[in-house]
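Per-chain numbering from 1; labels A, B, C and D assigned in written order.
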Amino acid sequence: MSVFDQRESNIRAYCRVYPVVFDKANNARQTDEDGKEYIDFFAGAGVLNFGHNNERMTNAVIEYLQSGGVIHALDMKTTAKRKFMERFEKIVLKPRNMSHKMQFVGPTGTNAVEAAMKLARRVTARQDIVAFTRGFHGMTLGSLAATANRYFRGAAGVPLNHVSHQPFGCEKPCLGCEAGCGVESLERLRGLYRDTSSGVTPPAAFLLETVQAEGGVNVASKEWLQAVATLAKEVGALLIVDDIQVGMGRTGSFFSFDDMDIDPDIICLAKGLGGLGTPMAMNLIKPEVDEYWSPGEHTGTFRGQSISFVAGNEALSYFEDDDLMDEVKSKAAIMNQALQPLDEQFTMIQVRGKGMIIGLDVSTGERAKAIVEECFKAGLLIASCGTGGRVVKLIPPLTIPDEDLEKGLKILVDTTLKVMEETA
Amino acid sequence: MSVFDQRESNIRAYCRVYPVVFDKANNARQTDEDGKEYIDFFAGAGVLNFGHNNERMTNAVIEYLQSGGVIHALDMKTTAKRKFMERFEKIVLKPRNMSHKMQFVGPTGTNAVEAAMKLARRVTARQDIVAFTRGFHGMTLGSLAATANRYFRGAAGVPLNHVSHQPFGCEKPCLGCEAGCGVESLERLRGLYRDTSSGVTPPAAFLLETVQAEGGVNVASKEWLQAVATLAKEVGALLIVDDIQVGMGRTGSFFSFDDMDIDPDIICLAKGLGGLGTPMAMNLIKPEVDEYWSPGEHTGTFRGQSISFVAGNEALSYFEDDDLMDEVKSKAAIMNQALQPLDEQFTMIQVRGKGMIIGLDVSTGERAKAIVEECFKAGLLIASCGTGGRVVKLIPPLTIPDEDLEKGLKILVDTTLKVMEETA
Amino acid sequence: MSVFDQRESNIRAYCRVYPVVFDKANNARQTDEDGKEYIDFFAGAGVLNFGHNNERMTNAVIEYLQSGGVIHALDMKTTAKRKFMERFEKIVLKPRNMSHKMQFVGPTGTNAVEAAMKLARRVTARQDIVAFTRGFHGMTLGSLAATANRYFRGAAGVPLNHVSHQPFGCEKPCLGCEAGCGVESLERLRGLYRDTSSGVTPPAAFLLETVQAEGGVNVASKEWLQAVATLAKEVGALLIVDDIQVGMGRTGSFFSFDDMDIDPDIICLAKGLGGLGTPMAMNLIKPEVDEYWSPGEHTGTFRGQSISFVAGNEALSYFEDDDLMDEVKSKAAIMNQALQPLDEQFTMIQVRGKGMIIGLDVSTGERAKAIVEECFKAGLLIASCGTGGRVVKLIPPLTIPDEDLEKGLKILVDTTLKVMEETA
Amino acid sequence: MSVFDQRESNIRAYCRVYPVVFDKANNARQTDEDGKEYIDFFAGAGVLNFGHNNERMTNAVIEYLQSGGVIHALDMKTTAKRKFMERFEKIVLKPRNMSHKMQFVGPTGTNAVEAAMKLARRVTARQDIVAFTRGFHGMTLGSLAATANRYFRGAAGVPLNHVSHQPFGCEKPCLGCEAGCGVESLERLRGLYRDTSSGVTPPAAFLLETVQAEGGVNVASKEWLQAVATLAKEVGALLIVDDIQVGMGRTGSFFSFDDMDIDPDIICLAKGLGGLGTPMAMNLIKPEVDEYWSPGEHTGTFRGQSISFVAGNEALSYFEDDDLMDEVKSKAAIMNQALQPLDEQFTMIQVRGKGMIIGLDVSTGERAKAIVEECFKAGLLIASCGTGGRVVKLIPPLTIPDEDLEKGLKILVDTTLKVMEETA
């Protein structure tokens, strides 16, 4: 028995899906210790937008380490942090005329969401937050209350109060959806807020992902996003966009909502932000909101991670010109082209997505599981998500070579056809 | 105006205490961008037990990066993780006959505590957890409920339920303490649990630090720790030790409780665990407790951090023999020798601690603040903690050279004498 | 200054609306101490279904008092209680084939609702309860969480958790309603329950009034009530009908839902149950639900009120034949005939109701307030309800003489016309 | 099978202890339908301070009913209410220089407590309330959170938050008490409030009974009561005295705390207040606290019960001179004289009490149950209370004839001796 079997907690999960020991990795490939290579359509659950071991980043980090730069600095000022902040301002905030402040929170997405929820409650002096069906926002008690999945919620052991879930406004209706989402749902909600006898009061914030990744690759419509933003403004609530999984270029632009004409009060970033897959999280906060924070009210040990600043700085350089984003668009087209026929052929399959996050909804978790297993055997790392795990999620590195992308897509399509046949 | 002033959130704190930009660091020294060197008695809030830029670790990390090893792997199996786990088993668990499983949680201490709280609630089917006065366990909603500090709690914006605070059992009574701590307090608690009309029921767990670091360097007595452990067992509650700040050798032994004859069900580790100051957190869980977890019930993106595994592996090597722990003892003696005279000279000063975490309680936050500021000017980084910030906390790297230690102590003692005089 | 001004709490309310001191009362008339008579369309907020000082009841009570019968008996067995229970079984339960048990709770409606909520949570081991917009269920902390009105909720001082509000299913859409009620809303809810990633889970119970009295005289459609009942059964939740204000014959039948083909698990009764206006409350509980109670788990001092049993016994006699219920139908017709023209004449007026509870929705609270004040001056006691107090509620004794009814209606219609003119 | 067996809810309790059907009652006697008489040491759980069917009261009520006086009037002004209020002011408030306002709440003790808790939270803008071990304050969700008994709390089905329990300060230590009560416990609490890192904050109110009735006849010491009052004032919390069971003359004075030199902000009254055992409840509230109420914020249907006003008015007449209170003192002496020998003879028996509420703590619930059962057979109604039901509680009408009192005491003492022998 290996040390994993003997000593690792029963809670371990992905290592059960991919029962090998990985050793090396490069861009969109991982290699196990027996030398077998896998194409990676999972990318560390959306962390590795710039590929495994991105050479620009590893070189920069090695150089930084060799120079004796400060590695860990809490929220002190460092030259590494300054470089990152200046570049972020220049490349991301300035061009968008965004006045947002940067808050470096503990280096996990959940920490960013927790901080955003605290601040929204502080600013509005309200307690309730509206999140959305199928949303995923983290696993600590505050963010878990906003996470919709019943399995995760069931582990809390205490009631998850002060968050309510409203139907998410999908661009196209999910297969078999009964929740009645869309703009009408927001109209109803507005009616409830206006009625002082409804039992429902305006929230501190609306918290949403523009593309729900864990929730099954559900893409919000522009109309719905704008309606949420309008409603938020109308009732004095903040708009918080959790861009943790689909920000950082994933959808073809730095923020997932760049083409949505909304102006969030708080934006949560993590995952790809550290470039190389090392932890980092940051909230962008409008100044008029940020001023409600008092110094040190939400702290954490690992807020000043120079390795993530250095690698993240390299990541930002990908947004200095349009090259990568153009590539995302062309690769997204390749992906859609490969998968669309499945959508057309099978009523039980729906293809959804935006940019390089695409979901292949195969209607049942069993089927998706079979596809994931078969793909793994065929050399493709891919994972499922969504209700009951019914959606196979494609979220490869944005830097994946076309060759690898096409090879992976072929494995996926062939496998899907086979599984569909077997489960017909 | 710098980017920090213009763009960093109002919540920033340490950078206000140390208003310079740090650039380089080595062992117990940090250097600002103007080349001024500071002796570091703060060590990243207890993260950098093995010093800044520990060369064994940076070399190992550089080598790993150059080799193309997997950097980010969620909870998949990797060769880097195996090495770390095998070494941890061999050096830490086996010699202590500990059967505990390792759960790699999101890479922050708060995540470890949240996971432990969830599991305790699951195992016992109870909701309440007993934490202790002055305890610090994190800032996300679950762990924040266990954190005692009113300032931090006030930022929650919602009620912090399902945790109650009992008096912590200090080895020696704090200056001006009125809480009535000690073993008697546990006897009273046992009485309440036994009385079915008390309104108080046994908790899911007792959650404690053996030495409260943020809480003011309060050292629990052995008698009290054992009484908590006994009471926990008696009422069917788990014992959770949060060893995040004082584990990893800080007190002169790997775990802070190695000499306490207690056997915690769950131990939370983070901070020093990643060696170099990169994020990592882990819970050690008894197998009979761990089996209550179902796969994936508490997840997080950054659970498989190879850089932390690689550097952490080097950190573990410091526990292969007694050298470092012997040094801790001798350096602790030096620290006590330097500070004890202050304790004796001033009724308003108390010196407390264990191993290389020592608190200089100067009775008021104003005084401590003045000392911290003066020390900074004199080239010493040190911070305050405890109720109202009244305790100056010494938590230098365990690897600090005696010369730096003594130099830093001299600055601290001189400054303290001066400030005591000014505020007399 | 009177003792009321000097010594009664600031919370007093109705005495501000009717600033006289009442002395005598008979059937549908109250007389103030100056001898001025008022027609009563308020009937003690729906308590006095059988009129003030109903002679059959006062005689029975006087006789009982003179006989030396037990007056107060907690939940001991008494001959008075037996008579009441036997008659209730014979007149109400048997003819409807209802197997329900009778639980005598503390003598207030809120106590009945609290007990029902506890039991539903016990039976299902779930915490959340679904109540509906504009519902009113009481003012103690448990029932208040189910009460929708923001003003009442605002007095709680703590969060009102574990109840969520869904749109109520009105027979006809309220003026200006935006909540999107009706059966579709239940379909959406079913969709959310089925989706394990919705963040919404099936409740312990659905708690509703078939006609919302305080909420503005909103009458549920039969279709919607049946859909709620079906959904409850489907998801393993109880159906609780709060018939406190509209049961006991108010709508033309003993239960307000007798013509609705639903079969509630728990029915809450109070108000009219004690006949004479003395306190009493009772839950009717299906045996398979009731068996989850252990003896004494929900107690209260005033559960065994013989005066209420004796007068309530007389009240039950009104249901031995169809006379009173036939009268209710004919009087309801008179009321509708008088008010319908207002509905037709003014787009800002809507007339709603069932049996002898009728609401005159005049669109604004200011207008309703003016009507109530003018009516009072003209000798009619009537009150407003609903969102912002915009609905004038007619809820006269069921036993009101036609002459008084018509006189009161004339006052109301004239006043309304005048106020409409003034506020046009 | 009787209708009770067939149709009454499983929750029924006292009727299981006294398995007969009661028919008549007079002063301290109840008669079952077979004509068997019982001496009543239970008095409707402390309601019937002036005896069953008190003739002065039944006469007044009959006269009132015959006169056609308003019976039910919500919170409107009535002549009956004015008489009661004027008399209450004259007899109770004026002589004590109390400026308190009268709030007539829903006619149950729990309603009074709920209203008091709401108001305290409103006034202080705090959420937590401190109640005490073994306290009983009601069964609705708000008051239940303050009730200490685990059995009652277990029926809530949701967490009971925002109330914490501190050790009650008994005059003499209970048998086997381990809770560490007394003034020291308040000193510790003060210490926790002062320490901003304790995790404990000052409450909205301290809620207590001066003699815990249901909790086991625990009598608070004067020293402790004053210390609570001092602490409350010091930390800006209200002092609420729940005098529901032991007010109205039970302890030898109108209020149970008349000899305690404390000045409660809110006093809850119910039970004996309505004189005859009909429901009524009232809070006495200091004007500066009362002004935080807005009209109608805490309502309820049965707030204006003329029968209770009329009978309660007669009850107040008992406090116009010292006769009844003198009798209470002399009867209390008789009771103590009879029971004290048991206390002296048995180490497992403790006699506690004040005025005419006396507890016979026989150390186990089994023993107390046997005594209650045997007494019933011998013609004495008495009940048990306290932790595990270990305390036999004597709470006869204050108007009990000495002959009945002595007869009842003889039954109790003989029975106790017998049971002690059997269980030795």
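Here are a few things to note about the model shown:
Keep in mind that, in the parts below, a contact is a pair of C-beta atoms (placed from the backbone, for glycine too) under 8 Å apart; a residue touches a chain by one contact, two chains touch by 3 or more.
Keep in mind the model is a prediction, meaning the values are calculated, not measured.
Chain centres computed from CA atoms place C at the largest separation from chain B. Overlaying chain A on chain D by C-alpha atoms takes a rotation of 180 degrees, rounded in steps of 5.
Chain A and chain D have centres, each the mean of its CA atoms, that are 58 Å apart. Centroid to centroid, with C-alpha atoms defining each point, chain B and chain D lie 50 Å apart. Look at where the CA atoms of chain C average out and do the same for chain D: the two points lie 30 Å apart. Multi-chain contact residues of chain A (touching two or more other chains) are listed as 127, 151, 158-159, 161-162. Residues 2-4, 6-16, 18-26, 30, 33, 44-48, 52-53, 58, 61-62, 65-79, 82, 85-86, 89, 93, 101-104, 106-111, 114, 117-118, 120-122, 127, 138-143, 145, 151-152, 154-158, 161-162, 204, 270-271, 276-279, 283, 285, 290-291, 293-302, 305, 307 of chain A are the ones touching chain B in the complex.
Chain contact summary for the complex, chain B toward chain D: residues 127, 131-135, 147-151, 153, 159, 161-165, 167, 177-180, 184-185, 187-188, 190-192, 194-201, 215-216, 386-388.
Those residues of chain C that touch chain B in the complex are listed here as 158-159.
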